[in-house]
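Each of the next two complexes has chain A plus one more chain, namely chain B in the first and chain C in the second.
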Partner chain A sequence: MKDKTLIFGNGPCAHYIAEDLLSTGEDIVIATTDKTCDFSPSEHSGSIEILTDTRLVSCRGAVGDFRILTARNNKEIKRTVAGVIVAEEDQRKSNFSQYGLIGSSNVITLSRMKELLLDSSHKQSIFLKAKKVVFLTGLVKESHPAIAEEIMHSALRLQSDFNLQTYILTANLKVAADGLEALCRETKEAGAVYIKFTDTRPEIHSKSNDSVQIEFVDEITLKKFRLTPDITVVDETIVPSDYAVDLAKLLSINTDPDGFVQADNVHRFTVFTNRKGIMVAGPSRSIQTCSDQITDAANAALVSAGRMADLQIVPEDRAEIDKGLCIRCLTCYRLCPYRAIMLNTRVVVEPHACERCGICAAQCPRGAIHIKDLEPESILNHMPKGYNPQKEVAFTPFIVAFCCSRSAVLARELSRCMGHELPSGLKVLEVPCSGSISLDHIFAAFKKNADGVLVLTCHEGNCHSERGNVYARQTVDQIADKFPRIGFEKDRIAIQTLASNMGTEFAEMVNRFEANIIELGPSRLKKNQ
Partner chain B sequence: MTSRSETIDLDQVDHGRCRSWPFLQDYCVTCALCAGSCPASGIDGFDPRMLVRMVSLGLVEELVEARWPWICTLCGKCENVCPMEIDIADLVRKIRSLRDCEKVPGILYKGLAAALETGNNLRLPKEDFIFIIEDVAEEVAEEPGFEEFKAPVDKKGANLLTTIHNKLVNTHTEDLKHWWKIFHAAQEDWTVTSENWEGTSWGYFTGDDAAMKVMAGRIVEQMEQLEIKNLLWPE
Partner chain C sequence: MPDAKGILLTRKHENIADFRVFVFSRTLIDRKQTGRYQFEMGNKNVLIIGGGTAGLSAAVELVNLDIHVDLVEKSDFLGGHAIGYTCKATRNTCVKCGACMVEEKLNDTMLHPKIKIWTGSRVQEVSKNGRFTAKIHCKPKYIDPHKCTNCRICFDKCPVDGAILHGFSKNNIPFYAINEELCLYLKDKSCGLCRDECPETAINLDPKATEYIKEADAVLVAAGFHPFNPEDKPYGYHRFQNVITSLDLERMLKQVGRVKRPGDATIPERIAFIQCVGSRDSKLNHLWCSKVCCGSALRMARLIKERQPDIDISFFYIDVQTFGKDFEQFYKDVQEEVRMIRAIPGDIYETDRQKLKINFLDNNTHETLEEIFDLVVLSIGIAPGKDNGEIAELLHLKLADSGFFKSGDEEASAPNTGIFSAGTISGAMSIPETIASAGKAARQIVKYFRANDS
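Moving on to the complex of A and B:
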């Protein structure tokens, strides 16, 4: 039996993904809270099941074997799927209150305007009586290209099909999306008037008879204008749907500051989450225009279809928990950014979900977690052998730099290519994530004659493992704090952040660190050897 | 410009009235590169961006009456930097053209009317013109090396026809000599016409395209009559 993909959602984006996967022969399950689903795929080779009126209760397991429990009217529905795609719609909040307005028949939301333009029966009543339509957007809070696009499309229709005079009152006009500058031009050709506010804002008065009067100074001509629109259209704020927010919690997916189901982390682009096998596409992950959604849907389907090949290989270098040492404190379960730690009768690692960041191994208070080639000993085996400080005429410090493979290692390569001179006693030890560096790693380096230890890692917020660099900083700070108490200089250890394109900065960092160490002289541990 | 405190009711404004103009003023993104590049920016508060915006909004009367369009030197730096390729200088000419001819500043309108009527801005009669040309030619011939010099008038089949700016037969006759000496040294086969010799076309400055067409048409006509292929039109 083939492995299925579960799609949460019932909007255009979810349907695009379903269509795409079915056409490539994938089996899918669509789960939606809606009572009905009108998805009807064209010719396809995959199988399809649609679960309507269904909410997720829990999700156990990992990529390749997600055990999904959903409920419909308290009745349980269980499915096992290989992958999950969250493609729920967004929701919109009207911004009436931002502008001191109250919704009425002639003060309407942008969504309402879109409905009116789609519904032919409404045209007669409202548009035939009107002359002037005002759109208010981004005047209190920043707007978004998706909103700007809808406003411009609406204005274009009103100008060309209904011969109405439209005014778009805006702060920053958001045209940074495909085709929007051209669309803006089209609306201007059709006669839409843009009034842009930078330093001032229009005064919006709501009259007793539901009419609106707007007074403003045009910032270009410096003239005062009075505008009495027949219809006032107020923009909206787009937020993730309540169900999408619930899904994020139930699926343990990190969200962005606005609650969208994708952390604000460059490594998640475009449709990835912190969990392998769980994708997020369309309005669930950010505010999107229609064309963004189509791109997202195609990306999600593409990644989803390629997942099976990955699952054929069982990785051998993943974290393993020594059941004799483990005391089930659940530190690993709590800290794993990828949800690769499973709680069964004992705590185990799901190898397919593990990304080998090493955070669990570094943080385990019992030292019960091991990752092949990432132990302090095995890493330090890479150190130069037979290093004898007595032979050195001048003092050349031996510097161990633990470098994150995603940033510092690449920055070092760049630094070399750019021809920067690096300290001759520099030894770079590559780690998959700085979160894998434990106290033991650092002590081992000093024991092996290091005069200084430098940890170089990604900028905060850019860590593939979300907080690996934060844990590394805590580890380094902890040691630096204790060093003076044992008569050891705290400047022998440091942590710095950089990005993969910072070759020059890499050279500056290691050379400055070397200079500091030269000033301190050889490590006391080394002298006592 | 009108007082800034006066509130304009947008019910009374027709934004579409200038939409048929071909200058693309509605595409303005108010970036102000025009204002930044304009050598006349700030004179009497002149601001090309404000001018473009007023036309786009349909507030034209005010501009027609204002001094602004006549402050512009029509140098075209503004449209050179405009990212939306708005023809600002032509837009200014269009506004100038809407002004009553009686209210056109300086001698621009009078000179143009004279040119249309008599063939030159000075209403200079043909005999007087020929007298001046011959007189200046004699002065040139008195100079060493130019003894043979003659100024050919209405010479059929010449290689080059040159027009004359009216001031060269008025206050600046010395300047005629410079041109002619060059022609002489270059052994150019050149001529001037006894009628419609005017090289300036003040319709350009008043925005009167029809007048410009008449002036240019006369030059073409003469070239055809005298069978001349090349034109030198210093202006």
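Moving on to the complex of A and C:
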């Protein structure tokens, strides 16, 4: 069975991906809401199917076996694919209201300006009558290099091809994209005038006859100016398309605060999502320039084509649900960041989709989920039987540090390389994600004579399992809250965040914690004393 | 043909097995065992020039497709500039600078047996006759990675500042290296303290340089950038001790976690960040924005404010560039903590107690103001690599006028030459962008292999 890749989208990025995958013999399906798709691949060895006018209805299954249900005019279309790539286009929202303007024939959006410049028939009408063009960008909300690039290209054309005077009014001029600083110089040489505002803003008045008047004090010369442009071009905000937002929901992909179909998390670089086998490329995941889209497309194709080998081995160390204990409360289903819990006749874990973060096992109210080597008991077995400091020497606290494998464990090793002194009674327990730490784990540590328990997690927003560190914090807070009520010092448990490259901070944290524990003295739960 | 075994670093893990209870490493599947590859790539070999973010990322992507990699890094440590960057998280929240991703790529590289690592090495000759044949020159290995235990004694005992270098990651193995330019023994054999003091006898100061011939099916140039040298600007870098670069600050924060003045190790009361040093500069003909400096500087400024809230920070800039998805909010917050001054200072003078006097035009009053700072951080830009010319010549490529390599889209390396590029060798990029460009290069290489096999 050859595995197919489903691509959502009909824009340049989707086409780049399709072309790329076909060229190395992958089979693809393109699904678009557009009525037509003019994608015509050059020479290729893979098979292609194009579903136009089609919307996603549901997606079941996991990587290697996604069962996709789409609809075209209420007619169902079913496909089974191994992987999915979301490559929808973005959309623009006009910023007229930000500047107190209303769109008209001479107050236009940046997209409209681009259209006018592309359309040769318009040359006569609008540009021949005009003399001054003003671009308003980034004066209310911050702009983006992708917008700045379009403004500069437009201004350059207007200056050189139509001999119009252009003014670009902005706060921070965004030039952080390839070639933009040079392009900016070029527009200046062509005659475009950049007026930058720092502490002041121009006053924009919209007159009854649709004309616009802009008054401002130039911040360098302190002189007052008044501009009455013939055409006012207002910048736009780039947002994900509505369908991309819908797709994120239907595919259970975490989005960023603006709704782009990729969580703002470094572990998702470049085209990954929280779900294995589902990728997102191009303007669906962030604001992008043209060259960004080509790069994204290549990355999506790279991951997509490399997927098959991964599916050959069924991992054996993933979460397993004990069907005798499971009461189908669906806590695991709700919490699994990777959507690896499948609701079939019973609740099961799809091993290929499971990343072994352990959140489900830690949160299951019935203790019905097991992960090899992550049980509190197996951790107990690795702990020393008892910790008996010699009576004569000063109290050396026995500290158990639960460390996330992606951050704290590496930070600890770096800390040692850098030559930092670490507490001699420190015992590091490596966990795949701090989300796997349950109440049982922490109590087990205290039972095993720990004087203090430290949980070290990734920073917020840096957790590979999205919220594993948040769950860990809840667990710790819950215990710290209860400890005083049972007469136990709550400072014996603490949670801190760090990253894999924070060796110095690791040493600081554990040493500070040790000092706190020394102050508290030995734990009263300690046996054999 | 000589084999690389002599210098191939085995993945020597620290002697910490007793400390770690159970090891969870993301499983590295030896896909060869599965025998089900998309394409048969097991006999392919790629030579990667440069072991920074781009080189490491590309290497990891390629070995995942069963392609062998020779990773040649001219310095003693893998990871490039970015491995020295600090984590800039504030309020326990990640700011997505990507520094930890470099650490992860390096970690994956070290774990993978199919990546051969050549640190302290340079590619000297490349010829193409069907495949590429490259001569790799390896400088002497003074410190035996198998014996070194990172005890730091050599570093502490060395009488010359900077003659023993240290790494920035636990995956820099060995963690220390001898700086050939400063070592007294290599100069006139007048010192041998590190060798004599090393308890593991890991240091040998007399080994010879070696040369190897390696064959490759494709070459990936990922030699990175050169941090702009601000000595040419009137800011007194290297003349005034308390003028440092953003790179110096990154490393200081990574190692010490706090800011101190290099001059007298006191905590500064006032810090000035000066942006666009070596970027957006028509006098230097540097007509590019380095993209990363605004993000790096403002994130570090915020980190300093969190850890040392008494320090006043001023930020001199032309335009604040967008970085990160949460830029709007970040920018709002940082403006409350940092004094933003939209001006680039003319020059810097040293006053008493090594303080620094900065002249600049104040936006509000339109007067030239003079202010005293304890520490000045120059946000140095991304400049073309020093070796770019040499590498281009080696591979018969032409550089762009800027001194960078032409990016892949301009097809400077025509698609069928088998030479590819990734990362900041072709212009300024952030860490995420660099990782993306490495992925793209890896895909191009796969396609090149496919096209030339069929």
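The criterion applied here is as follows: the second predicted complex is superposed on the first by the 518 of 529 C-alpha atoms of A that agree within 3 Å, B and C clash if a C-alpha of one lies under 4 Å from a C-alpha of the other, contacts with A are read in each partner's own complex, and residues count from 1 in each chain.
Note that contacts are C-beta pairs under 8 Å (C-beta built on N, C-alpha and C of every residue); 3 or more make two chains touch, one makes a residue touch a chain.
As the structure is a computational prediction, the values presented were derived from the model and not from experiment.
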| item | value |
| --- | --- |
| Per-residue touch tally on chain A - higher for chain B or for chain C | C |
| Partner chain in contact with A:Lys132 - chain B first, chain C second, else both or neither | first |
| Contacts of A:Leu227 with chain B and chain C, given as first, second, both or neither | first |
| Touched partner set for A:Ser286, first chain B, second chain C, both or neither | second |
| Touching partner for A:Leu101 - first (chain B), second (chain C), both, neither | neither |
| Which superposed partner A:Asn462 touches (first chain B, second chain C, both, neither) | second |
| Partner chain(s) touched by A:Arg185 [first = chain B, second = chain C, both, neither] | both |
| Which of chain B and chain C A:Ile68 touches, first, second, both or neither | neither |
| Chain B versus chain C as contact partner of A:Lys196, first or second or both or neither | both |
| Those residues of chain A which chain B touches in one complex and chain C touches in the other | 185, 196, 222 |
| Chain B-facing residues of chain A, complex | 132, 165, 167, 185, 188-189, 191, 193, 196, 215, 218, 220-228 |
| For the chain B and chain A complex, residues of the former touching the latter | 2, 4-11, 15-16, 19, 26-27, 30, 49-50, 53-54, 56-57, 59 |
| Residue ranges of chain A touching chain C (in the complex, touch as defined) | 20, 23-24, 141-145, 172-182, 185, 196, 198-199, 219, 222, 256-258, 260, 264-267, 269-271, 286, 291-292, 294-296, 298-299, 301-303, 305-306, 308-310, 312-313, 315, 356, 373, 378-379, 382-383, 405-407, 409-410, 413-414, 416-419, 427-432, 458-462, 497-505, 508 |
| Interfacial residue positions of chain C with respect to chain A in the complex | 14, 16, 19-25, 27, 29, 31, 34, 36-39, 61, 64-66, 83, 85-87, 89, 92-94, 96, 98-104, 107, 150-152, 167-170, 172, 175, 254-257, 279-280, 282, 287-289, 291, 294, 319-328, 331, 342, 363-364, 366, 407, 409, 427, 432-433, 435-437, 439-440, 442-444, 446-447, 450 |
